[in-house]
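In what comes next, subunit A is part of two complexes: it sits with subunit B in the first one and with subunit C in the second one.
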Partner chain A sequence: MTTAIKITSLGTSGAGKTCFMLGMYSAMQLGVRGFTFSTPDLDLDLRLTSEWRNLVDTQGDDRWPPPNDKAQTLMFDFNFGFKRIMGFEWYDYRGAALNETTKDEQLGGLLRHLEQSEAVILCLDGNQFAVPLDDSGRTVVGARTGVLRMNQLLQKVRTAGKNPSVIVTITKFDVCSARPAEEIVREIKELLNPLFIQGGKWLVALCPITLGRALSNDRLRGAIDPKNVHLPVTFAIHSVLSNILDEKSKRRESADASARSLRDGFLASWWNRAKIEKFQREAEELRRQIGDIGSNLHLLGTELVQSAYIYYDGVEQ
Partner chain B sequence: MTWAPIVHSRTAHLDFRSNFIVSPHDFTDRDLTWAKEYILATTTYPEQLRSGGVRWSIFSCKRYLVAGATCMSRELSEDCVHDQFGRPLFAFVGYVTKWPSTVLPLKHIDAFRPLYEFVRQRFDEQGQRHAEKRVVCGYDRVVEEILVGRSDMDRTINSEPGLLHVFPIELCDKLWVAAAYAQGSSVVLDVSMEPAWLKGPFTNIAVPGVESIQRRTWNKASPEEIAANPYANRETHVPSTSRIPHSDINVQSGQPRVLVDEHPLRRSVSGVVAFFRGAVSEFLRGSSRETKCKDQNMEDRHRSSD
Partner chain C sequence: MKLLMLGHSGVGKTTYMASMYGTMQFPLNGFTLRAIDASAHVRLITICRGILAGTYPEITDQRSEYQFVLVYEGEDFFPFSWIDYRGGALTESSGTLEGASLVKDLQSADGIIMFCDATALAQRSSVSKQLGRMATLLTKSFQDLTFPKPLTVVFTKCDLIQQVDPALVQPVQALLDAARANQHVYGRYVFTACGPEMIGVEVPVLHSLYVGTMSLVQVLTALVEQSRAQEERHRTAGATVGGLVGDLIGVFVGLPTHAELANAHSNRAAAQLQAIQPLIAPALDLAVFLESYTAF
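Up next, the complex of A and B:
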């Protein structure tokens, strides 16, 4: 399987997109249950690894990566047992591009990538959820976290006929860990309510992530101990694999049905034997591929349901 | 001479402005796009600036010449060097003048520090209105300058967008001066051989560890393409390399005589052509020798008959 999908992360400046990407890559270099990330670009691998080491080893201001002023596309591979399952393109950009006019080149690039994406990751800054939200606070947080703009962009994606899975990540979750997670989930569901209505057919996951619980007390010296940073992309890959599985199952059923119809009667069965064999071979190959995908999906699903809140068409799964 | 400022930086609450912190008053949108392509290229791998290095750059077009420094903000100022999230900031600070210019700003960070004042003035701004606001300035800045004169390096500087000349880091100071002479050229100093530099918009780079001047071909975009889509991914093919021998730098024609990368097929065809050319000339030389011999024999015969 050599498909490469596009994943777009949306978040305002300082929401933690770059740190999340660094943490995600680092955690998945070690791997979870046999799943790993890698990159075909060895220079990129070196840069990301060295930036992560800087984050872990350095104490003080210089531990955090400098802000981003340009857009770039990063290529990664998602592997199981070091065998590539799927590639994905990650679009990294300057957070302020989210709030710029369409004449801005970075917003243009972001929109193009977004409209072709199979998964969209919304990065919401956990600092905004450190205290409970009231009605007036919701509008303020909606603007500060970029949710108002994100809603517009998701609307655009739907209008373009795409139906990507959406992963809402609450970055820097360490700063709001004192609050019950269910309460924060409820507030986010209200903020992004169009994604959680019945009939909307959105597949959504909510993942709280942190680079280390100790960072809420001391962001300059607190220990780096990432939690859940691998989940958003794992969910994205899971949803794409599910779609591929569905499509392959339909093709297998169709191949089986074609073979059956050609076998109708002794003469027809003999006359069409070449075609029947072709359909049978195709069905067999699809059955094998479905088996591979199914076992991978099962492993990924086990990992996901333990740590993320998953909704489809407004109903928690 | 007086100069106009151009500054690119994040501030405490607002991200990098699409119209810069400050830019010359006569810059059009097209000029801003042109300058942005080079300025954003100088901030590639900002984490490598943490060790205190400064990336010097010069780039010019038909109308303007920009000379700038890219470094961590703490090299330029003691205050206003972190954003609201505590991240260390970096900045590009540069001077602009009309091309051609007989002087350049001194390649010393002290000459560029005063430009950080523009960042300080806008450091606490908040809100979308300020993010989109364009601040302009005239050509009224006085800076310590050096005179620009002709040198051997003028002919080695590359102005062609599809090519890249890689210089040893030891030639930095000479390049700084030479870049001002070659219209349309662009130079960034003290970088590395990483793909972003080899594929970026700069037509000349100075790199530590390189011993001789090298020419690299790359399917770079034309200036028009860059202006139309500055952020396009222009990854193409692995570059081919050829070295420019030092003896080929100073040539009478005024152009650097560089070795051209050749396709192996073209090389073999040229080999065959050269063989036949050699054979033909050998034949002609031989026949002329033969003619000369015949003439000589005739003369001898005449002499003997006399």
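Up next, the complex of A and C:
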């Protein structure tokens, strides 16, 4: 299992994409249930670790990284027991690019990455959900969080024949933690309605995340203590592994069926013994891989069900 | 066997190494330690004496490699090298000489001894600062493992904190879980103190060498089994009509018979078995000593 997948995060400027990525990496350096993140490039790890340290140690405006002015692709490894299960490519870009025209270079790059992505992470600023939304509030928040644009881009991806899983992260959830989570989930489902309609076949997870509960009172000096930042990518990997599992199961069934059909008939087992052995070996190897993936999926799933809201084809799972 | 110490600046790696060396000049379950180079012996003993008197060594300013031998019952038993890095090397880019050398050592090391400052861990705020980079470096070292590799997590300066209990391990628990999930990583952690009273300093080196010894026993046992399987194969083949005919033809063209080949494999198995014998007693003694320290 050495596949590398592409993940794109969509969010307006200030939604917290970069801070979320730094927090996610920091939390997953140590890991959860034996799963860890690392970077193949040790110098990238050094940079991300140092930026995260700055966020943790610094108090005042300097603690938050300045908005991105250029796009960059970051490569990560997702490991279990320090062994690489899968790589993922993360596209980080200037949030304002979301509202540019398709002729602009950054949005062009973003679209190219998006159309090749196996998972899309939508970053919605929790500040926009601090109070209940009425009809006019919904329109304003829809524009501010960029969900209208996100809906368009996802439609474009679907038209291009791709079917990525979508993870809606409510960043800075500390500022709206006083509200019932179910209420916020309902509002987000209304804003991103196309993702939740039956027949749409979208696989969607909603993950509230925060870099620290104390930040709601004091974002310049509050303690950094991230919660749930690992869930979005964990969900993305889970959905990709599920697809791989399905595909391998089909291949195993086909190998088993081929071996069975070669055994039919007088002397067939003897005449086709080399081919039968080849199919049996293939089926056995696939059975082993399926076992490995299955146990990883089980562990990842256990982690996800505790804190994420998961929907498929509009129905909560 | 090559052991690498991994830890940030000021965590106490050099202090630990000198303390471990000084302590292991006195037999422990029959084991002592010897430095190959006399000047290294003098240096480490001098530092250890200072530590016993309450004077701690200066921070290491460059990578050093020491050659040691673990001695069992007065006989050299297991040679190994020990690499001490300047803590700052952990946060250097791979473009620097020491940064590049660390990456190379991480990949070629047969065992890792990871140091965590217990006083810093007790104040939870600095956990990510201490551990994040080390976790990535560990991944680099363990990612493509195909053979057993020991990992010892050493909590230093335990004499400076009020209470040493399993809660101290909690900040690194996720990392221990990742190590546990890898069938090739053999982990153990230990609380240590280096000062007038030395605590737990022998454990990291003895754990690493125990895994090294057991790994060697495993390889030799596999070779014995292989040789015995070959012996059996030749004996069976030699007892068939085809085998007998083959032997007769072979004699004329100067090829060994099945019986001769079986005997050669039998002798090889006996020699391999003999190589295992001297490892058994020390391995058992090491196992008994390590029993009371938590493995993961």
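Assume the second predicted complex is superposed on the first by the 316 of 317 C-alpha atoms of A that agree within 3 Å, B and C clash if a C-alpha of one lies under 4 Å from a C-alpha of the other, contacts with A are read in each partner's own complex, and residues count from 1 in each chain.
To be clear about the criterion, contacts are C-beta pairs under 8 Å (C-beta built on N, C-alpha and C of every residue); 3 or more make two chains touch, one makes a residue touch a chain.
Here the structure is a predicted model, which means the values were calculated and not measured.
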Clash or fit, subunit B versus subunit C on superposed subunit A: fit
Go through the superposed model and pick first if A:D43 touches only subunit B, second if only subunit C, both, or neither. both
Examine A:L220 and indicate which partner it touches, taking first as subunit B and second as subunit C; both and neither are also allowed. first
Identify the partner contact of A:R263: answer first if only subunit B is touched, second if only subunit C is, both if each is, neither if none is. neither
Between subunit B and subunit C, as viewed from the CA centre of subunit A after superposition, lies an angle in degrees, nearest 10, of 80
Answer with first, second, both or neither: which of subunit B and subunit C does A:R53 touch in the superposed model? second
For A:G81, is the partner it touches subunit B (first), subunit C (second), both, or none of the two (neither)? second
Where does A:R33 make contact in the superposed view: on subunit B (first), on subunit C (second), on both, or on neither? second
Which of the two partners, first being subunit B and second being subunit C, lies in contact with A:R138: first, second, both, or neither? neither
Touching A:D62 in the superposition: subunit B (first), subunit C (second), both, neither? first
Between subunit B (first) and subunit C (second), which does A:R179 come into contact with in this model arrangement: first, second, both, or neither? neither
For the superposed model, what is the least distance in angstrom between any CA atom of subunit B and any CA atom of subunit C? 8
Residues of subunit A that sit at the subunit B interface in one complex and at the subunit C interface in the other, please. 43, 50
What part of subunit C is in contact with subunit A in the complex they form? 91, 93-95, 99, 103, 125, 128-129, 131-133, 135-140, 142-145, 172, 174-175, 177-183, 185
If you look only at subunit A, which of its residues touch subunit B in the complex? 13-14, 43, 47, 50-51, 54, 61-62, 64-67, 69-71, 73, 94-96, 99-101, 104-106, 109, 219-220
Can you name the residues of subunit B that touch subunit A in the complex? 8, 10, 14-16, 18, 40, 43-47, 49-50, 72, 82-90, 128, 131-132, 194-195, 229-231, 233
Could you list, by residue number, the parts of subunit A that touch subunit C in their complex? 26, 29-36, 38-39, 42-43, 45-46, 49-50, 52-53, 56-57, 77, 79-84, 223
